[in-house]
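Heads up, the thing below is written out as structure tokens.
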Amino acid sequence: MSSATFRVWRGDGGEGALVDYEVEVNEGEVVLDVLHRLQATQAPDLAVRWNCKAGKCGSCSMEINGRPRLSCMTRMSVFAPGEVVTVTPMRTFPVLRDLVCDVSRNYAKAREIPSFTPDPALGPGEMRMRQEDVARPQEFRKCIECFLCNNVCHVTRDHEENKEHFSGPRYLMRVAELETHPADTADRRMIAQDEFGLGYCNITKCCTEVCPENIRITDNALIPLKERVADRRYDPLVWLGERIGLRPGLRRDTPIVPNTRRTPR
Amino acid sequence: MTATTSPAPGSRRARIAARTLRTDRWWTGPLLTALGLAAFVVYATARVFQQDHYWVAEHHYLTPFYSPCVSASCEPGSAVFGTLPWEFPWFLPYALVSLPFLLLFRFTCYYYRKAYYRSVWQAPTACAVREPHRSYSGETRLPLLGQNLHRYFFYAAVLISLLNTYDAAVSFAHGAEGGFGIGLGNLVLLANVVLLWCYTLSCHSCRHVMGGRLRSFGGRPVRYWLWTRVSRLNTRHMLFAWTTLATLTLTDLYVLLLSSGTIADPRLFN
Amino acid sequence: MSEITPQRYDVVVIGAGGAGLRAAIEARLRGKRTAIVSKSLFGKAHTVMAEGGAAAALRNANPDDSWQVHFRDTIRGGKFLNNPRMAELHAKEAPDRIWELELWGALFDRTPDGRISQRNFGGHEYARLAHVGDRTGLELIRTLQQRVVQLQQDDAAALGDPEAMLKVYAETAVTELLKDGDRVAGAFGYDRATGGFLLFEAPAVVLATGGIGKSFKVTSNSWEYTGDGHALALRAGANLLNMEFVQFHPTGMVWPPSVKGILVTESVRGDGGVLRDSEGRRFMFRYVPDVFRSQYAETEEEADGWYTDPANHRRPPELLPRDEVARAINTEVKEGRGSPHGGVFLDVSSRMPAEEIMRRLPSMHHQFKELADVDITAEPMEVGPTCHYVMGGVEVDPDTGAAAGGVRGLFAAGEVSGGMHGSNRLGGNSLSDLLVFGRRCGLGAAEYVDSLSERPTVPAGAPAEAAEAAGAPLAREAGDDPYTLHREIQQTMNDLVGIIRRGPEIERAIEVLDALEARVAGVRAEGARAYNPGWHLALDLRSMLLVSQAVARSALEREESRGGHTRDDFPRMSARWRRVNLVAALEGGRVRLRRQDLPDLRPDLLALFDRAELAKYLTEEELATTAPAEEGAGE
């Protein structure tokens, strides 16, 4: 048992301050354990969002010493003895209170993406997919929706005005997932660029760096999606081929789901 | 927040003045990247416009910076495909037909983009560190929209890599006594060319072309095999990007030192 | 309270885990305006913690499988105390529910010919679990979540508003069900983020709130598992069935202390992991009970052979049903043969190459690496029992999910409902349970709404009363701190009504819990209403205490050991008790128990078992009246 100094952001509506606490720390504990001890001993109303405490649900995202992390997977042993541990809410999303952010924007973005569209002729149990085909989208389905990638991405973190037309790594990866789903029949390449803002991504890989599931978001989802978009609209040879009818049927672009942007209240 | 998707009214981001609360030395990465890139650019620029010491006639060593040599002023034997009828002025590199493509291949490369966006353009300098720009449009507008042409520069790079391979192979046929021979220069050229292939084939566009673009690998075992191989290489794309900058520099430097007579080529066989 | 604007729905689903989402999807598909109320964010429900898979006789791994065999395994696992109709519906419908997920975008692991791959699990005769590595629950919840979104997209296109027919109220907790006579009229709750109160007016409410594990100290359950649905049902006049049956998963992490209880998936054993004591002995061979003797291997060679050639070998004893393994580990530790941190060793590293482990058990590898500095590809894990699942729950009609007792319009599905799993749930049967009965519940609720001639109305004063009760802990000047009270409940349940129970200890627990009543009623929370975890816990305590009382009283009443209920003072299984369902109801604010007969197995289902096996469970009289079923017990 030892003690540590925790510097925790407390406040709401955007206004707040870092508050220092001296708190007990035991062997093997993670940052979330220490925050819980703060709640039980010094700050009963300290707002922390958490759920499974096993790195599986993606609820306890926050920034610890400036780095976006899951607090349940950040062990106290990573800090040097005597190091002050600064804990703040994610900086990209509006803060509700203390360490809890309003992440509803993400769910709104999810709704804009045309859903999985299988061949309507397929009945239950008739789907045949190969392991090597499902392996690609399966990597993206490991996502626990902690939104650390959408939080760290500078496109909206540093430029809030982009939030309207940039869905963030999480949802561009969702598009990539659907585009590599072997049984999907829709084509979301045009809207990936025009509606979900793939072009804003400058592949600087912070999303990959913070992903607690170690999904290779940039290399396996975003860059392949960029290449697919290039196929669809930036490749002159493909364009020419379509014009002279070598690749008919390519122009079946799936539009963004109607009435999902700006929900009527 | 009652519904999943409607933001709580009046809520704002936590106002924290610090540019970042990171306590590690996050600036070392971008700094080293910037220095590394600058060093190469300075060296390469100097050499490309030097128009000298690029060819070792005895062993047919040609530096990759001058391949293919297409000026009428190229040294005899160095222009394997012949030359244009004009002698290039000082501001035109002798490898005019390849260098722009190689430059663009690397400029539009997904790894180098990350490297210079972070270290040179500072967008962002490091993760969770506020960037200095007032606005940001990424790769949505010209000229950066042109990054989408990476695949064409990849195709060009394949052709140029073939040429470099030819250069390296030919030099084996010029031993000290004529005929087959191996010197240190051969090995340098060879290693450089192997790593150039690694860099070129590990390219993300290559991965896409080989099979990444398919929705299903069903019935395409060859494409799948190729894709898995390239995917494996691709995980080391950054490593190859830096190693080839080093080997290009070292190869060129070696040719420069030989060609200027500063050192002699140690021969292993003939 | 004039500030509360009522939200009108046809069906309100409380809980957004697998059962809740599946119920909501079904209700919406039947044209009902549906609300999903969830304590957490959308897609974070406890279902994501399910790792191994969803059991369904798809017959992809073994063509000999069938719903009958699945049914038989389920009944065996539950020690013949399951509601037979539920077990039958479950085994029959599980395959359709899995295939349906595929059409909604789920990506299960595949067999070489492109079908859904199935894995082995404890108590299942054949490889039966559809899975995605060791994160099947996440896949399930994500698929259902995305199906909800898809339906919302349809509504957006057709009606202009994605939330016109199906809306998710995330981070919203329900504190009270409101009734019009004996009919459900709505639900009252609060928004955790803002602290604002909400009133739902709806003729049908589906409970899908999951379990009660947060009443125990060592648990694999998250904070949500406070037994809200169980308590709401009791207070609304419904019954709870067999609450004494609490499953302790044999393998939870034991070290470091802060992660004690976190689940280690059964897939580790299904894929070849073995349990060893401190001397390196594979102790499970000594713990095969008589009723399972014929189905399990007796030597290590035989057990090892099963992994590659299941047709000619009996199963390794590590794959006994969970209650058996948990008790065995408990005994080993108690008798001094445990690992350094009070567990036993679970080793998969000697069975498979590291690469294979990383592929099959990636999240286990990650979990141990990150949280315990243990590399499971090179060294054994330390594991011990952890509170995992409650078999008991709301007594429901098997076909519609309608709650029995003195309330209409209340439905329950998933872990909050009782009966399906008898005295012990088989691994993998939970995910399929959620889907099968989630759908049936949504259907049942929709049909109930259709059958009504007029909507029930919320009594005028009820919302204000509920609001006052909910706000009370914040208004108090004095009172116990909720964290302390929570710790006391957990410690009591863990120590006195835990994995091994004794009459006097349970009596002591009941005393302690009863004494806590007044303190919980007077709990005080500091701070304001916006996102205040202390206040949230204060409100959850009421449910936890009530449910704990139901568990303790039922545990004291049942004087036998069966499945998830082990009495040290009554160590044997009793054929007489097998016929008894313990039904808990609330009378005058106190939990009262009543004994009720378990429905009989239909003759055709009874014929699935041979007489020798039945003799281990049934009474002499039952055996005598049962038609001789010597044949037809086909393996």
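Each chain carries a letter (A, B and C) given by its place in the written order, and its residues are counted from 1.
Just so it is clear, contacts are C-beta pairs under 8 Å (C-beta built on N, C-alpha and C of every residue); 3 or more make two chains touch, one makes a residue touch a chain.
As the structure is a computational prediction, the values presented were derived from the model and not from experiment.
Averaging the CA coordinates per chain and comparing them to the mean over all protein CA atoms picks out A as nearest. When each chain is reduced to the average of its Cα atoms, C sits farthest from chain B. Distance between chain A and chain B, defined via averaged C-alpha coordinates, is recorded as 31 Å. Each chain gets one centre point, the mean of its Cα atoms, and the points for chain B and chain C are 56 Å apart. The distance from the centre of chain A to the centre of chain C, with each centre set as the mean of the Cα atoms, comes to 29 Å. Of all residues in chain C, those touching 2 or more other chains are 41-42, 162-163, 170, 193-194, listed in ascending order. Counting partner chains per residue, chain A has residues 96, 102, 104, 107, 111, 129-130, 181, 184, 263 touching two or more of them. Chain contacts: chain B has residues 1, 3-5, 8 touching two or more partner chains. By the touch rule above, chain C contacts chain A in their complex via residues 40-44, 46, 48-49, 58, 95-96, 99-100, 102-105, 107-110, 112-115, 117, 132-133, 135, 138-139, 142, 146, 149-150, 152-153, 156-157, 160-163, 170, 193-194, 222-224, 255-259, 262-263, 363, 366-367, 370-372, 481-483, 525-528, 530-535.
Looking at the complex, you find that chain A touches chain C at residues 12, 26-30, 33, 39-40, 44-59, 73, 75, 96-98, 100, 102-104, 107, 110-111, 114-116, 118, 122, 124-125, 127-131, 134, 137-138, 141-145, 178, 181, 184, 214, 257-260, 263-264.
Residues 1, 3-8, 10-16, 20-24, 110, 113-114, 117-118, 123-124, 127-128, 130-131, 133, 135-140, 145, 148-151, 204-205, 207-208, 212-213, 215-218, 224, 234-235 of chain B are the ones that touch chain A when the two sit in their complex. Touching chain B in their complex are the following residues of chain A: 9, 11, 13-16, 63, 65-68, 83, 86, 88-89, 91-96, 102, 104-105, 107-108, 111, 129-130, 132-133, 152, 154-155, 157-162, 179-182, 184, 197, 199-206, 209-210, 219, 223-224, 226-231, 234-235, 263, 265.
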